[in-house]
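Both complexes shown next keep subunit A, but they swap its partner, so subunit B is in the first and subunit C is in the second.
Entry: the complex of A and B
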């Protein structure tokens, strides 16, 4: 741990104008933390080359192992205040969080000085309890497992092989090629985007088969995936294979016919799906199923309003309704483990979700009509021609094709006459308000339903279960809830590509496969450097467990957003470090405080909280409120608020945390026992559109608050003294209002903490 | 000289993603960005669809990753002049324009107080002015001011320099040209909004209350020129009747011959911006097709459950303004066939994205007829993001990640 600290106080950016720097330095010299501080200095412009040179000289001369920079936010001048891997740096934010945002209370003198003194001592304390982590670098296996031998899987395999990586390509059926094998042609995948083209799948199969780096296992499924990134053990066909990371490219299955019943599918012989139509083209003949005759008119119905009428769009919650936290509800005697039931997520919605591919397929197949049924007319009935981006060019080509008639339409029904001919009724069309179109054949879209809507597929041997959690949010697709980070899922080391990931065209899948391979390789390389992957990329710290104190309550195991913890028969957690993202949710969960990180731990934050000087008399000295602030969104919002000239109560003390999920109840207890009057938790948004970079962190904190409320009530402290607020990074202007509301609705209302002064 | 480092041209979302993903595999990366800041177009957005979340959230994580990765080098206000050599051994000439503000800058703002000259603010698409010395936006990265001396009198420049307490203003800084080597090149040069002046039937950009979708983003942003209030540019009054004109310039042989992918979703998102402050404002979207592919369908359903919102399939033929500067829209309803003139308080043109490099030369690569970069992956020149084709943010991130892999494949073993 850092023991020989240099404390440097900057006078720039008005800090020196607002504070008595010499007095502050003197205060530190005479304080409880003085023994830790070998050097205590001030500097008018600490970030100047001269200021930095002085720090560097002191590091050498005094053998400092840590530097406390009391100046601006850690988010700025990060490249200036950096002294090599062996010197830890703690940034005390005197500029934004102290001087710039200060709002005085004329009734209580010396508040700015008191605040600055608190923050400097807190910074010293926090750094003194931090050590540079020294992770063990495990042996890793660099082989990539690719699940799925279709277009995406094969593209991924070839990409990995081009990086000199070994690939294990696992395909469920008896041959490579996937859905593209059944295609007569594909809609265009490259410029000029105006003609359907060969899929090229045979060439791809040949390339994969010939590639010495790719081992293909046909008629095979992934029975189980055990272990952790870098050291997975995949069981396939009863045999075990060592792999480093996995790419999930299991693609899609056709949507169930029952969702198309409103259009006559299943009843009317000549109503077929696009998959069936494609099969006919592939076999060289397009005919009406009822009589084998070539159709003179084919209607492609893209408008799926009839099928989606009663669909509930409210489903897809990221979190189940608040359930009791594990460890709270005592399990019934003799109750065994409930058998795992995989949640099925297919619905009629997949028809809407597939709209882009359905539209492109309809344009493609409308082109088949002219090819296979000379003189026939193809009608494409769409609500919105869903061909965004560069694919507009293919639509234009279809519009220029005299054999294809395209119209907007809201299809109200399909009727069948005696000889199997069909009539499609539609309104709001471009050819009339209410029309009835005769068609020999009606083609309905085949919805893309990811395999993962039906099966766990990965079959993780993880304590939390064999599946990717919460796929209901994505209608079964193994997608990321982060727009900016499309490959992030809750299972480190496994990256989805192609239609397993999102409904996508083969052109997009080609790119997606490359992206997934990059992430898989990056994951293994990060493990080889002993560091975490996104979002704490490069973090050397890792959770350390003191199992002696563990009571096997299983909270950490169940709450880890990434399933990083398994457990043994007794229920003692078994950490899998390479699954871990270093968020600290486990640390926050543990009631026995068994878990710590070398550079971020319970004692560190607890001691920092206890360093806040709390006046015994709230009237004379003012209240004190601790604000635990998520580093990712809330902290930048605070900086921005200060930059925009906002100010707030001088009685709050901000303490950054990795994630609200890492907040341990003991910190609230520490604050209360010190006589702190309230604790605010500022963090990311949770719910369906969660922003929390660790998925569940802020949500778990909010649920744990209920337990904290129980404990507080038992102590005779009002539960309202602890409150959590969702703050997005751009909600900086709201922060003063939140703080003010807390001060008036809680602190003024409830008065001083009953434990104050004890 | 053989080199396994990667040059990323463009520091927008695709470029940052490509650079970071490659750097975290273990490769040295250099980002060359023409603006004074990283983040490109997404930095100018208020929120992303469909989550309605702020772009600065993801960008903050990206900047943290850059800060923590010594393999990533960033040059802002820089461009690629020329490329010679071949795959695995490219020699690149970079030209960097002077910022005139060095690393001593603390963003205290004293220089800006001393400045008098004002010009239209580029970041805000001309909706307000900026001083000659300025910070582009709140979350700017690098977090440093910029001095644009064009047209600024000498005494003012001296006053600006004198106002800085930290000797951060460097009036003498000159343009630099330097060389660097790279094994692969990723073009992530992104897009620019299609210029309204090209749309002469829609007002040529001269009508005060006819704005572009990107200008709408700035109006709705809390850090924007109106503090997040959507107000009419002409008189700063709250609009009560707002129209969106989709495909303003896209899907048009005379302008952009493709669909710009994001404008339908962006306009739906803009309805939510409007609803934030104006629950009863009447909104009409004039569209050809409402493109909400994949899981965006859920977002469409959510936005369309709005009784004050109507959708009209029809192409807008003309926009003029009346004597109160209210835009008057001439539109033919494609379904009913009825042509009419409708008056609104504010019209938002959903203008498309044109590739930034359109009409320019791209060293070591070529552009297609629309201006998109055609990479040559076998030569280690890879196009990513909207430089390659119109995409939304998520697909841009996927594209950038895939591009990083292609770039690495070209240098592996060198």
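Entry: the complex of A and C
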């Protein structure tokens, strides 16, 4: 715990103009928190070299162990206000949250001062309840396990070897190469990006085979993965291997033919998939399967309307009713020991998901027609020609080929005549409202279905099961949040690359493999320093359990978004620190409050809340509202709002939290018992297109809120006084309105908290 | 919903179009910028976007029967603004070039016109007139004779003047040949126009609210001549930049120069054959009217003759117009808008005619026989080519475009009167 604190109040950036700094310092000196503060000073510009030097001098002279910087947002100048491992720093955001976002009203003076005083005391209290964590540093294994010996897996293995890592490369089949072995050519991998080229897979296989850092296991699968990052135990072919982190590059399998039946696939001999067409090209001859003749016209059908018309995309149906929280209901009879069944996620939707690749494949194979069948035409009927990025050049080049004819079309059917020749019917085309095209051969796209749509693949020996959770959201592709955290999965230490991650070109897979390797290396290098991986990279804290008070309710083990916690037969949680991402969801879940972090805990935030001065008379002193703000998105949005001159009620007090998932119900109770009139929870968007850094935090919070509302009702407090809002990082303009609405609708409607003044 | 159409792509036709000046047609990705920026394209089924995709698929029937290629006046705005450099303007130009080559009979001339056969086409008049020159030189005793009048006859005289009619007597070596050529040309146009109108048969009729009855073709033709030909109304709307204005001026000047020269030729022909031959020689008339008509047809004319003045004004207009047109074409950004062989062929030919015509007059007046006669020879050969191959050259647009625009008026594809801006 920090006990000798220095409090520094900055006067820069208009803070000094709007606030009486000396008065603020005087207030701290006379407040309840004064005994904790060895030094209380003001400074005109605290971030100046002189200001920083003054703090450093005080640290030395007074033996400070904590510094409360009352200046700007913790999101800026964090590199300036940093005083070594031994000194904790707390930032009080006087600039954004006081002077930039509120101007004192001459009719109601003193509101800004009251706000600043609250925040400084809250900051001192918060820091005083924080300690520097001392994690145990585990023995780490640096070997990388790469699953999948295809293009992505081999590229990853070579990248890892180049970083001087030992690699264990596991391939299910009897040879390396994967899907690229069946390909005649691939889309361009290098400048000028306008010609299909050799895959180069043979060279890659040779390089992998020759690399002494890479151990290749053929005809093998990962039977189980036990333990935690840095100290995984992988069972492959009955043998155990120690590995540090894993790269999932198991790739894809062709989608099932049944989804293409509407186009005559399976019934008409001359209707083939692009995978079959590729094989013909690979074997050097493109012919009609019915009679072995060279086709004079080939139609590439990309519009999958017929296959997709009954697909439910579930738009708007994302939010299912919340499942009851674990531990809320007693387990039903006979539950518990059910055999695990992996949910199959292949559907016709994979055709749509693969459409970028399908577009490129059609362009490439249309080029094969010109190459193998002189004089023949290749007709490409597309719904969307999806060629993002550099592949636009490939599209342009393909277009220039006179034998390739393209039109947007809605394909309505394929018919077969006696000799096996086909007629493709289409509407809404560029060459007519309703047209028929004669084709000797029809080529349909091959859906790229990730292996993980069919099997758990990693076979984790984890409390939450052998698989990645919620893969249905991504139709079986291993992804967690591709915008914010590419490569990362819901299981720390496992990084996805290539077509297991999303359908992609070999050029993209090459980059994906490199990215995943870097992530895996980063993970190991974080673990061996005892710090967290993304998104709290470098965080030393870790959850500490007070098992004496644990009631084995399993909330924490079930709710951890990353499956970090295992448990024993009785249900006592077993933390695996290297799997943990330090979001605090377990801390928020625990009804007994047995989980804490040294630098972030229940008592700390509770005490901070209690430090808010609540006037006994709401009419005279105004209401008070506590806003618990997710520090990942909502807090920066607030900063931006202040930066852009937005303002809001002077009666709210913001308290940053790691994630709304870490909000424990007791904090709301603390606030209510203190007489606070309302609690706002500002967190990320949740649901199918969640933006939560910890995937489940804001969603869990919204479910827990129902329970909180119940408890409040029992106490005679209106449930509406606690409300959660979803805020994206760019919605800074929305936040002031949310606060105003809460203040006017909730506080005006219900009046003062009945507990006020107790 | 229209009926289902069977589409038959034609790879050969695509390649053919590319050779005729549409080499960039494959680059189009159907964004429709061209149709949006075109100042002339109608709102309903606008060109040239649809022509681009038809061309990519080689839909020959549709393109060869498409009236819209004649509505385009080729300002090049579409090609300028095309984000892909597909040059839609060039494609429509290529389609017109194709039409020139194929519409009129005998169409082997069209094939010869496209470059490789051109020397043969030049050799025909060159040899005919060289032969005449040699024979006449044998008779006259010199290849560069000077003449003086002896009564009604011309005699060679060292002190005389240059008279082209002396070397190439009009009655025997010019007029009969050109009369045959004119007939040949008219037959070419007859077959070309009937093929053209046949090809438009499949064009849909546009329903126009308030229009009672489809106007007659003649009525449409008169309106076309009144607006598009006489005033260049569509041409003026086509393109708003400096280059387009230059082109408009150049084209208008060139056309009226031709009108002037046509009037001069007509006066001379009527004066000679109507006055001197028919009225004087055959009917033996000597009244003042006959004398006046005869005078109008007698060449060389004195410089103060109103007919000669008109001829010289026409010649100057022609040179001016050609200068505008040539400088514009030369300054085109090749990456945006190409010029086909046919474009340069026609410009060059008219330049040769204009310069050799002016040269013939100037050298004649300055008495430089050794230069004057070869210049005149070049002039006749060039005029021969212009007239004889007219239905297969780019200049044929004066007939085909007029007919097409009249037809487009008739079926409602363009409004009867130009829309006032």
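As a convention for this text, the second predicted complex is superposed on the first by the 683 of 758 C-alpha atoms of A that agree within 3 Å, B and C clash if a C-alpha of one lies under 4 Å from a C-alpha of the other, contacts with A are read in each partner's own complex, and residues count from 1 in each chain.
Methods note: contacts are C-beta pairs under 8 Å (C-beta built on N, C-alpha and C of every residue); 3 or more make two chains touch, one makes a residue touch a chain.
What you are looking at is a predicted structure, and each value in this text was computed from that prediction instead of being measured.
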Contacts of A:709 with subunit B and subunit C, given as first, second, both or neither: neither
First, second, both or neither for A:181, with subunit B first and subunit C second: neither
Contacts of A:474 with subunit B and subunit C, given as first, second, both or neither: first
Which of subunit B and subunit C A:306 touches, first, second, both or neither: neither
First (subunit B), second (subunit C), both or neither touched by A:47: first
Subunit B versus subunit C as contact partner of A:377, first or second or both or neither: second
Which of subunit B and subunit C A:408 touches, first, second, both or neither: both
First, second, both or neither for A:434, with subunit B first and subunit C second: second
Residues of subunit A touched, compared between subunit B and subunit C (which is higher): B
Overlap of subunit C and subunit B interfaces on subunit A (superposed complexes): 385, 408, 430, 433
Footprint of subunit C on subunit A - complex, ascending: 297, 375-377, 379, 385, 396, 399-403, 405-408, 425, 430-438
Subunit A to subunit B touching residues, read off their complex: 12-14, 45, 47-48, 72, 75-80, 159, 162-164, 191, 313, 316, 349, 352-353, 355-356, 382, 384-393, 408, 428-430, 433, 474-475, 477, 479, 481-487, 502-504, 508, 511-515, 517-519, 521-522, 525-526, 529, 533-535, 537-538, 632-633, 636, 640, 643-644, 685, 689, 691, 693, 728-733
List of subunit B residues in touch with subunit A within their complex: 13, 20-22, 24-26, 46-48, 50-54, 56-62, 64-65, 67-69, 103-104, 106-108, 138-139, 143, 165-166, 221-223, 250-251, 257-261, 264, 289-295, 297-298, 301-302, 313, 334-336, 368, 372, 374, 389-391, 393-395, 397-399, 401-406, 408-409, 412-413
For the subunit C and subunit A complex, residues of the former touching the latter: 1-9, 11, 14-15, 18, 26-30, 50, 53-54, 56-59, 84
